[in-house]
Amino acid sequence: MNIRYFAWLREHTGVSSETLTYDPRWTSVADLVADLKTKSDGHAKALADMTLVRIAINYDYVDIDHKLSDGDEVAFFPPVTGG
Amino acid sequence: MNIRYFAWLREHTGVSSETLTYDPRWTSVADLVADLKTKSDGHAKALADMTLVRIAINYDYVDIDHKLSDGDEVAFFPPVTGG
Amino acid sequence: MTVIVTEDDFDLSDLYAKLRTPDLPPSPGAVTVFVGLVREMNNDRPITSMTLEHYPGMTEKKLEAIRDQAMHRWPLTGVIIVHRVGKLGPNDQIVAVGAASAHRQASFDAANFIMDFLKTEAPFWKSENTSDGANWVSARETDNKAKRRW
Amino acid sequence: MTVIVTEDDFDLSDLYAKLRTPDLPPSPGAVTVFVGLVREMNNDRPITSMTLEHYPGMTEKKLEAIRDQAMHRWPLTGVIIVHRVGKLGPNDQIVAVGAASAHRQASFDAANFIMDFLKTEAPFWKSENTSDGANWVSARETDNKAKRRW
């Protein structure tokens, strides 16, 4: 699976994307987030308060309880500020 | 007094403006209109239905019962259609 | 804060440049520009030309009053109103209204407000020429309704 | 019906020309164009530059979806959305949205709608540089409120 980080989440994790092997125990995004937070202090900081984070799977916005499938691209980023 | 006509009112009266001597018996625009209608068939036609006509005195919109003063410029025209 | 009534065509990029970079600060974060164009058809008949008549003196007074109302209601850094008169052809530019502000919604609302009031208060009259002859355009109740929103 | 995400600056008169004279008829009677510009100050500190990051792929998908929603809701003859990314300076153009229609209010509403949805749905993030350092711009609740109007 491809994981993407943008804006300050990218700065905290130190990576803009990373590839993970899909774990069938991840039934929802929340399970993935729990595992990602153990990867580094930066990951823990980026994902500490998920009310500040928006989630997209395959370019569509989803909630944290959305289910995951192998091959999904999962992105984490702050509320958008373009325009 | 200067009287102005625009759009189809100008076409009906045949004049874009005309000068009248102020008559102190004109207490309101309605009195002026009654006299103007006697000037020609075209004037009568232009001013026949005052619900189709907007009135301005000295560049401000007024109602037909607005009072008149010597020296006023009184304009008659259809609802506006610019823009 | 320009109001112009003219027989000449206008260049939208000139108007936009003035709104984007005003003579005095602050420069805006948001610019909305509206342009009205001569339509090409009326009741399925091609419009060959249009003549715009106006009431010189009153027109400028009303447009300036509308501009001042908009500047009073919204925090604007710039306003432009240009309206053409005389003979125009299909797809010609008739009117441009621009409003610049620090705030997106203020610039949208001010431009929309100015157009709604211009449509119902500014003394312009359109006569459209088709193969059917010349016809004075009728005012529309929807325009009065649009004005009453504000 | 163009959607463009680019590092390059854009010329508003080119975008306007496309809306005014579409490749296919009908030509519109009304064109509304909105431009968003880099502001010059943040909390009384001059902004020296801004960096716009985005999510390539998702950005285009979201902008196209917003454009399609606008075209579904209003009778539009043309829509243009251009959004810049990368490093920008004060007063630089960030975004242009244009909507053309036979109807004045449709062109205003469509442009306003597209901006409200772009502000809350399109994955762009601004980082502003001032003498205070670089700061990610915070999303505003007023933008979510603006979206919920529609």
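By written order: A, B, C and D. Residues from 1 in each chain.
Rule of thumb we're sticking to: contacts are C-beta pairs under 8 Å (C-beta built on N, C-alpha and C of every residue); 3 or more make two chains touch, one makes a residue touch a chain.
Everything numeric in this text was worked out from a predicted model, so none of it was measured.
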item: Any chain in contact with chain B as well as chain D; value: C
item: Intercentroid distance (Cα basis), chain C paired with chain B, Å; value: 27
item: Rounded Å distance between chain C and chain D, as computed from the means of their C-alpha atoms; value: 23
item: Length of the line joining the C-alpha centres of chain A and chain C, rounded to whole Å; value: 48
item: Touching two or more other chains - residue numbers and ranges from chain D; value: 36, 104, 115, 119
item: Shared-contact residues (touching 2 or more other chains) in chain B; value: 83
item: Pairwise touch network: line, ring, star, complete, or other; value: line
item: Interchain contacts (touch definition) - all pairs; value: A-D, B-C, C-D
item: Residues on chain B engaged by chain C in the complex (per definition of touch); value: 4, 6-8, 10, 56, 59, 61, 75, 77-83
item: Chain C contact footprint on chain D (complex, rising order); value: 11-13, 16, 20-21, 25-41, 90-91, 102, 104-105, 107-108, 111-112, 115, 119, 146
item: Partner chain B, residues of chain C touching it in the complex; value: 36, 52-55, 57-58, 61-62, 83, 94-95, 115, 118-127, 136-139
